[in-house]
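Order of writing sets the chain letters: A, B, C and D. Residues in each chain are counted from 1.
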């Protein structure tokens, strides 16, 4: 058994029994029903292998982790023009803050806060019809994970459609400033649906692999993005991937990462591995409580921090 | 000639002749007199060698780069209690913003914005008299750089004493909240003086080496801080080291770094090198214009980005 | 000819020919078509007479002036419970600012900024169906003005329905905080429609009369609200009636007043008169340019300032 | 006994025995020692009479009430140029907020928040030496009150000199923006001293009389300011005189007024009376608790609200 296998197995076992599990998000009612006892981890190595443990075959709602892939897609479609719409600075504010947006005239700080991701989705909609756009996003994830079983959880999407007032406020606010250009309801519809994509940690770790390997899929060798773009997406993940907990994640885990309110986190150890963890209970900043702890332990044990082995 | 030597030499030459040089800071009058034509670069390798080019023997005012060393010193003196006084999240605001400080009741976002660094200095003053504290800071830098010639430029310190109204506002504001506990004038006096330390890029690259090598000086092998602490200081540098230009620096350069308004930048390539650049002209965010470009070129050429070789 | 008649006539003539007329609001497209050359003024005296001049029989879109009447209606329906939903402090921000709303957890500063007025409309909808609510508001104005000809301009309402993204953002934002409780689309529908009520200055001056006379209609003697409530509505108009130009209006005009983006202003000289002015061109704060000047001249000439005859 | 005399006497008696007295300010240590059991009221009528009750011969620290007089003095010295330095809009923020100051580049919202009053003091210092300036301010109050016994309480001034960190932050902040032009320490010295002026309610009501009577002293008939300026000062008092409690004061009391953290309030009933109340206990907004209640009762009983008799 390799060192990675041992680490993954032991961490999963440790996390399975820990009593502190955080609190499941309830602001999307459908997510509130998920059993907080679950934990899963998967590591996609540079050899293309996926080593996993825990509830690693259970699909979960990837939510904001999807923003990494819509950003990648939008950059592929229109290049750096994306950065005219959204910045790439940490926001210093919670994920749904509208204050900064007012001071900065409707231009979101970065593509990983909600406003920024809605803006990126709106940009994709400038090229596609809503249904097509959603198909593109889903197929992109299926392609990256090499698994057509990945699907959109319609119940979660519908749940957020009914209750996503903050996001509706953000989108209308940007529409008033002209930084959302499409029809607000369509943009939000696609946004809520791509956040509702369900994946297992196995699929997610595999889908993120290109970011760990200079933009190439380590299994097929196909280039997804250029090496420079992969580096840059990683940089934005590190500085902005955890809302106003980004500094803390960098401090403790030391890897680029993107969390979702469904309890998933995708983390990238450049040159080494793509890692997905999932545990539904969240900490005060809205990031997976056990997921973050598991990543901290794994990184430390494997010497994978980008800030020094 | 090694690849590093070639890179350093060519970049220095390219920077020397570039017409775009940014604007020298004028808010500290004494700094406004520096010749913007200067450029220097030094790389301290893991073998303990320092490879330098340009105006690499000219001392410059390290200003905010000193914050990396006062943070290291304070952490060494009192450990993680430092983090009760200052956070470690990016601020999303300019270096001298007082707004966040009001919302967050006088607790600065991180130790690298001015308020945070003043607070760290105030913490050091809880253990030392002002003159002693300043001596400790200076000796720490002389020790790290293995060079007793490093000195405090009294003219610069005096210049900032006379004109540092923003910093005086910040310090008094924190005193009102109780997050500065000492005498405001003493705290500011020490702060202005450690910002006025003058160093060459050779000295600075050497002084930062321990951060690139798990907390150990690669020449002597002596441990300055633990490997974990070195990683964590690097993490804070990456997310917070360039004020509201931190995301941009991570995106373009891909290294932990700390800039100063004197035009210096210290950047750390973990496991590889400690790099100091200096050019007095600043960009709109107050960071060295040519310094940042030089680091971008060096990192790209050497494959040193922490986000993927 | 009485002194009031002379004043009204001369001011109307002076305003008619002034070259500086401000800029017509364009953010509601339908309002952008109004001829900026128009000016009207009407004074309803304590004897119940209405003295008018200029385009005083031309209906215009009263827009935010309607907020005075929806507030009065809501206070009549549920009493001081209204103040649990909205504050009564000046906002110090533009009419559509969302920042304060975030800091204050969705409770609008006062009933005269857009968020506050939407919240008041939402409160009315807790007792009535949308169509009924709108009927109540319209009938209340017809009753106060004693004129059934007052109507809702459907083209203006539809225009704002299509383009009111800021208001949609505010309403969704309050819905997320729970300070709007009804269906956002219904609340906004009623809000946009009551803002689209069209009145002449004659009708408006008459409708506001009860506020100048201790809550009683000076013609019929019927009590609309208690004397105390009339005083208090006037107080809120004075401190909050002109968004972030409220201080300026108090300084220059010295009367409680409420402006609308259609160019109308209702001002109250307690114990003396209710005054309506209209001129479509706005100043930088979004208040009628000539309307404010006309009121300043009238108040000064008649010695009607509440701050000293 | 006149109606005013009866009202004053009864209100004083009622306030004397009320159990709810608010909390004495402690942020200036010297003020924290004042007995909260005290209450005083004085009304200066248009006939020049002063009707008083309670502890009406006990001097108290007028604190921010002094800002009305420094504003009047500055307007007299340089006219409307004062308004280039400070605005006249309500701030919507607490008295010592620094946030707005940053967004508005160092120009305070109005002359009655601390920053604005410091700026007005700084303006007076552009014409006088510190000691002279303070003499001018004191003599102006002695002249208005026709009483040379009015003095500066040096212990209070010294207490605030030692502890006024917020004000020191504000002054340095404005100095950094260039909206304070003199020496910060001198400006603050004069500011702290004029806030430390001690007066009785009798003296204060008399000193404010000119504001109730078109700028003229009703006893001597001498003009202090023009009628227009008196009205305008009253307008600023009404919209800005109670920090973020200004709307509430207008709503409840209905008079222009200025409060001080020493528990004093000066209120103006235009054309009728100048009223001073004092009770050291403050409410949550930092305004005299019983003082405000007493004014509400007096205004209601006498029908003095500017918003309707």
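The definition used in the following text is that a residue touches a chain if its C-beta (ideal position, glycine included) is under 8 Å from a C-beta of that chain, and two chains touch if they have at least 3 such contacts.
By chain, UniProt protein names: A, B, C, D = Glutaminase.
Everything numeric in this text was worked out from a predicted model, so none of it was measured.
A.B. asks: Go through the assembly and pull out the chains touching subunit B as well as subunit D.
C.D. replies: none
A.B. asks: Work out the mean Cα position per chain and let me know which chain is farthest from subunit A.
C.D. replies: Computed centres place D farthest from subunit A.
A.B. asks: So the centre of each chain is just the mean of its C-alpha atoms; given that, what is the distance between subunit C and subunit D in Å?
C.D. replies: 32
A.B. asks: How many angstrom lie between the CA centroids of subunit A and subunit D, rounded to a whole number?
C.D. replies: Each chain reduced to its C-alpha mean, subunit A and subunit D end up 56 Å apart.
A.B. asks: Averaging over Cα atoms per chain, report the distance between subunit A and subunit C in Å.
C.D. replies: Result: the chain centres lie 47 Å from each other.
A.B. asks: So which bits of subunit A are touching at least two other chains?
C.D. replies: In subunit A, no residue touches two or more other chains.
A.B. asks: What chain-chain pairs meet the touch criterion?
C.D. replies: A-B, A-C, B-D, C-D
A.B. asks: Spell out the part of subunit A that touches subunit C in their complex, as residue ranges.
C.D. replies: 97-99, 102-103, 165-166, 168-173, 175-176, 184
A.B. asks: What part of subunit C is in contact with subunit D in the complex they form?
C.D. replies: For subunit C paired with subunit D, touching residues are 87-93, 100, 109-110, 211-214, 227, 230-232, 234-236, 238-240, 244-248, 250-251, 254, 256, 270-271, 305-309.
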